[in-house]
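What follows is a set of structures to go through.
Two complexes come next, and they have one chain in common, subunit A, joined by subunit B in the first and subunit C in the second.
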Partner chain A sequence: MGTVYVSQDDSFIGKTDERLTVKAEKKQILDVPLIKIDGLVILGRATISPAAVMELLERKIPMSFMTGSGRFLGRLEPELTKNIFVRRSQWDAAGETPKAIHMVQAFVRGKLKNYRASLMRHLRDYPDNDLQKAIDDIERAIDSLATIKAIASLRGVEGHGSAVYWQAFPKLIRADGFSFTTRNRRPPIDPVNAMLSFGYSLLRHDVQGALNIVGFDPYLGYLHTERYGRPSLALDLMEEFRPLIVDAIVLSAINRKAIAPKDFTAEPLSKAITLSNDARKVFLTLYEQKKQSKFKHPVMGRQCTYQESFELQARLLAKYLMDETDKYPPLVLK
Partner chain B sequence: MEPIPIASLNQYAYCPHRCWRMFCAGEFVENHYTIEGTDLHQRVHTVGENQRDETWQIRAIWLKSEQYGLIGKSDLVEEVDGNLYPIEYKRGHKGEWDNDAMQVVAQALCLEEMTGKSITKGYVYYAQTHQRQEVEITDELRDEAITTISEILQMMETGKMPPAIYGNRCKGCSLFTQCVPMAKEKVSKYKEGA
Partner chain C sequence: MFLVISYDIPEDKRRTKIHKILKSYGQWMQFSVFECELTDAQYAKLRSRLSKLIKPSEDSIRFYFLCGCCQPKIERIGGEQVRDDTIFFA
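Our next item is the complex of A and B:
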């Protein structure tokens, strides 16, 4: 199972029997059985046939539409599951409830623990690097989480921990020609931020799909407040996965020189950064490979792929909300 | 109260949590067992009647009981010498779990109310072995069915979810990946790393 990314402009996506086909410049560039697909991401300008759209919805395969540079535009979602009980428990926990506080603590803790593990791993490999202070700062932030019961304050801890991590982030970049001073977006104005934003867009497609399968309303979150058109719960559940998946891919693409500074172009005046077509393909391949890579799930104690773990974490979240378990365990990896 | 589907008795007898997922939460996922089952029922569920020797057969009719709040479709009803028997078709062979009998008893309760005749037995037909298994409709089975019906009615009314309990029957259950029945124990034992 995997996601199909269509990144060539003016492609035509159609359906032939039980297969999805993609044509561009009068050539067939993809022909894959629908049974092997669990998501479709269209980057840039492409046409999709009505028959293909219906078939994908019928098979509960979500479609996301992004600009060529990976900015999320919208989504075509199969019908929600009829499991009203999951949604009711999600709404019952909204606001400053003990459950919401528990979940916000878990989302933030998961993200900060994975941030910390990433910095520690780097420090092991490069002991000369000055990262210890950042690691200690993040550790203090993690330790403080359990005693804080106000969601606004938890957001503050999240903000502080993230700021420390992003300050340290340039030290993890070990290839020449990439500079990173601060996290910026809409639009990203340097190649590292451009890749991070692109990666988070792809991650959002996957996490939102998992939440939909389980029966959640992706627009009601706990850490992220309600705002029109913002999939807050998807953003909440993404937190623990950001460092594990996207930051890891960006760093490995840079440090292993899979993507180079010359693969980016900057717009005049706005300085908005765009990846070249080839670099975008490299990044998509890295992302898909990462999703299909296996690890031992610390809670379930069995091998699973990151792709499977999106749905598993969403199910664990539903179990916590429906009182089947007494806690939500975020995915924390060493 | 809304009548409950006869098929829910079978599911409830197998696993109350699965029954809740299917009939309360509206979840249903096909696996190869259910696809074979659906295919079988498509053939069986074509309304028709015929006479075979001394037996009058009628297929795919609606069954209903006001008294017990049941509704559903029968696979086959036969009449021999004025006696009616419900026959439920099943893929495969007689399973480890004695849930098919419940469904036959529920059909008998409907037929009794619809015709005023008393029904003493029914059958489960297993497609894999082409065998009919007789189900004697004892008072004990009737009581069990009636208890099950009232439990399901209550579950449907309240929406209250019976717990997911991990066991042998989870193998081959098409809702296994949604249910994650081991999660409760695994989560409670889990110690999060630093």
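Our next item is the complex of A and C:
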């Protein structure tokens, strides 16, 4: 069973016999049996025939609609799904509950472990770099997580671990012309921060889309508190993905000189830094390539792409909240 | 369950119809040979659809069930690649 992603613009989704077909530019680009499908995600502009909509609803296959850049627009959902249970268990766990504490621990652990792994990888490649102290600091923060049972203190550990990581971050940059002293945003005032912020907003769209597909309310979070218009759960779930995806592509864009300091312009008054159009295309391509790159999921034990892993982690979260599993395992990669 | 389905149908029109139905249930591996991974209900539905269509005096369709231990022993040299059913892009 798999999910169908339709990202070809102006494609036509139809139904032939008991199969879903996708046509674009007068060519058939996909033809799969409906019995193999458990979800349909439409990115960008596509037409879907009424017969196909009816058939998908009959077969209880949900459809999600997104913009070409991956922002979630809406969802057409068949009758009789588990959605209400997902949402109720999400609300039941809100606040200082044992489940919320477990999830916050997991989010922070996932993030810090991935921070540590990325520093360690760098230290392996460049042993002369002075990173050991930061690694040890993050290690201690990870060890302390299991004993802390207050969400506010867990946030403190997360803040400390991140501070250590961002202090060490400039040492990972190995190209001339880029300076990074500290993380800043709204607006980012140097090219590295500008790229990080851009990457995180792309990532948020993807993670929020995955949460919506699974049936969560992305505005109710555990590590991030409720604030008007803030998708807290999406921010929670993306913590473990930040170092894996965005930090990794920012570093590789800089260190492999795919993006140079001249690709940025500063706005005179606010000092806000923006990427040039060409560099933005380069960055989007890198992001897309990263999302489609494959790795072996440590919990599921099979090959998957980062794009799929957003949804996988959201489904694991739903399983934990609905008492189908007793742990939420964050995605940690060596 | 995993099935290998082969058919021998002399009439072109009927053969095309059979082929189209089978495409909705599995993957076309060779001329007149399909491989399908089906549940009992899906198999029952496929079988009834096919049996309504064929002329038993001229046509034949054979269903070979592969047990769980035989399935990984399939060897392939060339030909159609097995479709990845976990994700589809268009």
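The rule is simple: the second predicted complex is superposed on the first by the 252 of 334 C-alpha atoms of A that agree within 3 Å, B and C clash if a C-alpha of one lies under 4 Å from a C-alpha of the other, contacts with A are read in each partner's own complex, and residues count from 1 in each chain.
Here is the rule we use: a contact is a pair of C-beta atoms (placed from the backbone, for glycine too) under 8 Å apart; a residue touches a chain by one contact, two chains touch by 3 or more.
Nothing here was measured: the structure is a model prediction, and the numbers come from that model.
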Message: Going by the contact rule set out at the top, does A:T325 touch subunit B (first), subunit C (second), both, or neither?
response: first
- prompt: Between subunit B (first) and subunit C (second), which does A:I35 come into contact with in this model arrangement: first, second, both, or neither?
  reply: second
- prompt: Touching A:F85 in the superposition: subunit B (first), subunit C (second), both, neither?
  reply: first
Message: Let me test your reading of the model: by the given contact rule, A:L286 touches which partner, first (subunit B), second (subunit C), both or neither?
response: neither
Message: Under the stated touch criterion, which partner chain does A:L235 make contact with: subunit B (first), subunit C (second), both, or neither?
response: neither
Query: After superposition on the shared chain, which partner residues are touched by A:L203: those of subunit B (first), subunit C (second), both, or neither?
result: neither
- prompt: Now for A:V6: first (subunit B), second (subunit C), both, or neither, which partner does it touch?
  reply: second
Message: For A:A314, using the defined touch cut-off, is the partner it touches subunit B, subunit C, both, or neither? Pick first, second, both or neither.
response: neither
Query: Which holds for A:K113: it touches subunit B only (first), subunit C only (second), both, or neither?
result: first
Query: For subunit A, what residues appear in both contact lists, the one with subunit B and the one with subunit C?
result: none
Residues of subunit B that touch subunit A when the two form their complex: 24-27, 159, 161, 163-164, 177-178, 180, 182-184, 186-188, 190, 192-194
- prompt: Which subunit C residues qualify as touching subunit A in the complex?
  reply: 20-21, 23-26, 38, 42, 83-90
Residue ranges of subunit A touching subunit C (in the complex, touch as defined): 1-8, 11, 16-19, 22, 24, 29-37, 302, 304-305, 308
Statement: Residue set of subunit A touching subunit B in the complex reads 81-86, 109, 113, 214-215, 298-301, 311-312, 315-316, 319, 322, 324-327, 329-330, 332, 334
